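One structure follows; several queries about it will come next.
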């Protein structure tokens, strides 16, 4: 690489092993001062692991780190901070019940009394210099994702960070907020800071970075000048094959209405309104995608439909039967299946694959003989699903927690779709999975659509929502900003709706 | 960078079967060593104490029969606790449920002294079960409805039950012929459980205990109710998601857990004392010792049969050293506490592997 | 009027051991560790303090060593729950049993012994001269004042200092605190130890001041009431004061009602019934105001998690 400048970060031959996985395999990674360096790769490629090593969260099993040309061993985040390294994690590391100022001074040495008062001036200074506006008195849970990210950046700068690691910083932001973030990052780079930008999104990498390092399966594929490469090349390096998968979506004649929601209201865990007056309809053979920035009521919406959260107003009908605020069991019996975004709320990791496969159907008469379970029937049911959904597991009695993420999700989908649901609710079904698993799950959802299932798909990934859905409903602060067909969409219009800046006149665009 | 070996604790992906059995035994041995150190510190010769304990509990046929006697309430209560703990419901109040079971059975026996054995005996067990179950479902209801912490409520109910027994035996139920002792009158012959030959082993209760261990084991592993209990314990949100009723599961668990503790109480009044006495006279903390029985058995109901025998032996041996070494009644709690701590630690060493790792290259 | 004042006067010493224990448990739980071993730590404090005061006649030394006894037992819980990451409920229970047992063995020789040493009441100048109120409300032993002084002090430390900020953060989100260089393990060890110290003092107050005598198992559930009071206090030192004196009042009521002919055994149930009622009410309030326990309570912290 470049010999004339001393790299500000140089990681040589880094190795990191986790039980059963080689997360980083002799990774060489160099960053020059003042650049925005993108670290590109799929989920599971080892990007975050590498950066966690740089930030002292993990210790490498092998290799060497040089900061500004000096060999260092970074035992903890505190030592990383002393070296001028800051990290903004994908899931913010903020104490949500504390104020912005308290979060910023947490862990810093200094004045014992009234520590947060010292922070105020500095916060204002950063606000002016980098356009990072935020109210120091506000509690974290009151802030939007974009604002919380600003707190994280200020936190790093306050600690004297000159090297800032941003882990998937755009995943929680609206398109507008992404632009603001890029402006901030460019300003910071211009003032001599170095930024490492972890991403799996090619457009962003092209838009903001100076150089890019591509990781695949724990190994470095290449380090390139962004200006001298193009999306196709990066995509090939990232996935190791030429073309990203293309999805064939057949025309489906819509059947009768399955889900009808009228003026639904619900509260979040804090007791504040999370869903306000949502109305929508989904017919047989249709996928309705819910697009929106994370935390705008998606979770509360699907939980309310599944009966896990009481509705405070409005009605939900499935196949003509009202299910508003009914128990989860009654709703399950209406053939509503639910793949929640937080997978662990619907699986029992300590229990076997088989026991997880019957979680919804264990009451079935065919699984019970007298007082006892009919073990033979349950086992053959499990074997059947393991085969049909190609779940890779040593045995059907293996504890679920020992399976890979993709196989765990296959177990969930096998359970949820094998019973021929009338309505399938799928929240973030592919998040955190590798390309192979994503492709499989997309195909599966489309197969369900062809079979005549009504599918409600929640996705933070706009591309995924657009690819799979027939219509897109955009949600913002618990309200539907509009429902648009997914073909010939105006991306800018969707972006504005996601940011709450645009609302279509008739939110209910049912047939 | 350097060649120093480093200790590394890593989580085992699965626990080997042999280790699951060995770990509690090693823990137990280590606990006994630790107790020995405590004894030494308090000026008691540990080797002599252990010899006394072993001789007291297993060294004679009388001692062994007493071990079995004490293992009966521990077994019944411990089996119930395996169920509660599997559902991650921290029923710390088995002692109170036991006392209420004893109280209910006593009430029945005193009210109908002329009923025949075939009628009064089953009814005493039934009402004792119901009493314990009712006492047990109070914390379950409070937890399911208002998310009130069950550790405290179930424990507070122990103190309430204990004061209730005191109230009865010092007050309205005090037997006129008991020479001022806080005892009720003696039960009729019909309300006394038969014993094995010269021992105090009230074998009907023992048989009930062993049968119930098998029943609860089958319930837990082979039925949909057991499945619901296990899912609820491992992941309550998954249980809710699957349409299981938290309230229903907790009620089931606590009816059985409280009820079995109640049966243990019936066994004590009908099989040992033939009357209700002040609470410490009925139970030297069986409800608390049963927690160790359940934990040591790794929450396996059949295992609880074996561990109850072990803890029963410790209780008998504890009594023996209390007399020979002049130790207070609380001594047994030293055993209980230390063993429980070491068993907890033993679980850890079964789940994790400690290995020496050398960094060869930097 | 006289009755109420004298009941109030009695409630404060009765609530003082609970106040010490609750203040300690508030700090412990704020760090994310549940310590159910309070009962065991209190009684170790009781027996240690009585033994030291009985032998040396020095009550301050007795209080100090009692605090250390409680703290030592707390360190055992800290080791089990923080380092070994075992189940905190069962560990606390084991420690309570251990404390009850060891205190019983240590204290056997003190049963029925009188205690010559003790604290003399401190008159607060001026205030204690107020007629009627003065002697009733401003003439307590020094430990009562110490407990009262601790309340605002601990409140201030918790909400207005860097230490308190670290403590609260570790209990809410240890991963965040760790990422910012807060030593999660050290903070938790410190908080559990501090809780044990105060529990030890609370136990010492029982045997050296309140009783004053050594009776086996003399804490009689006070440690468990402390756990309930911590919930009632919503993990706030100021509310701990209210709760502790309220329970002191219940205990006084227990003795004041006895002359009315109610069985002492039934009256002895009062504090425990009251505890359950208070827990239910607190749970209701917590649900309404959406206040919960510290978010990381009972969750051991492991850094390298995938």
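We call the chains A, B and C, going by the order they appear; numbering starts again at 1 in every chain.
The rule is short, and it goes like this: a residue touches a chain if its C-beta (ideal position, glycine included) is under 8 Å from a C-beta of that chain, and two chains touch if they have at least 3 such contacts.
Since we're looking at a predicted model, the values are computed, not measured.
Engineer: Which of line, ring, star, complete or other matches the graph of chains that touch?
Structural biologist: If you draw each chain as a dot and join those that touch, every dot ends up joined to every other.
Engineer: Looking only at C-beta pairs in contact, point me to the busier pair out of A-C and B-C.
Structural biologist: B-C
Engineer: Could you give the separation in Å between the centres of chain A and chain B, each centre being the mean of its C-alpha atoms?
Structural biologist: 46
Engineer: Quick one: report the Å distance separating chain A from chain C, using the average Cα coordinate of each chain.
Structural biologist: Chain centres of chain A and chain C, defined by C-alpha means, are spaced 44 Å apart.
Engineer: Once you find the CA centre of chain B and the CA centre of chain C, what distance in Å lies between them?
Structural biologist: 28
Engineer: Within their complex, state which residues of chain A touch chain C.
Structural biologist: It is residues 18, 57-58, 76-78, 81, 87, 89, 93-98, 102-103, 105-108, 110-116, 155, 269-271 of chain A that touch chain C.
Engineer: Which bits of chain B are touching chain C when the two form their complex?
Structural biologist: 38, 42, 90, 92, 142, 146-149, 151-153, 155-157, 159-160, 163-164, 166-167, 170-171, 288, 291, 295, 326-338, 340-341, 344-345, 347-348
Engineer: Could you list, by residue number, the parts of chain A that touch chain B in their complex?
Structural biologist: By the definition above, chain A touches chain B via 19-20, 62, 64, 73, 306, 308, 327-332, 338, 340, 344-351, 355, 359-360, 362-363, 367-368, 371-373, 375, 399, 402.
Engineer: Considering the complex alone, what residue numbers of chain C touch chain B?
Structural biologist: 36, 40, 76, 80, 84-87, 89-91, 93-108, 216-217, 220-221, 224, 227-228, 231, 263, 265-266, 268-269, 272-273, 275-276, 279-280, 283-284, 287
Engineer: Per the contact definition, I'd like the list of chain C residues that touch chain A in the complex.
Structural biologist: 160-163, 165-166, 168-169, 172-173, 175-182, 290, 295, 303-304, 306
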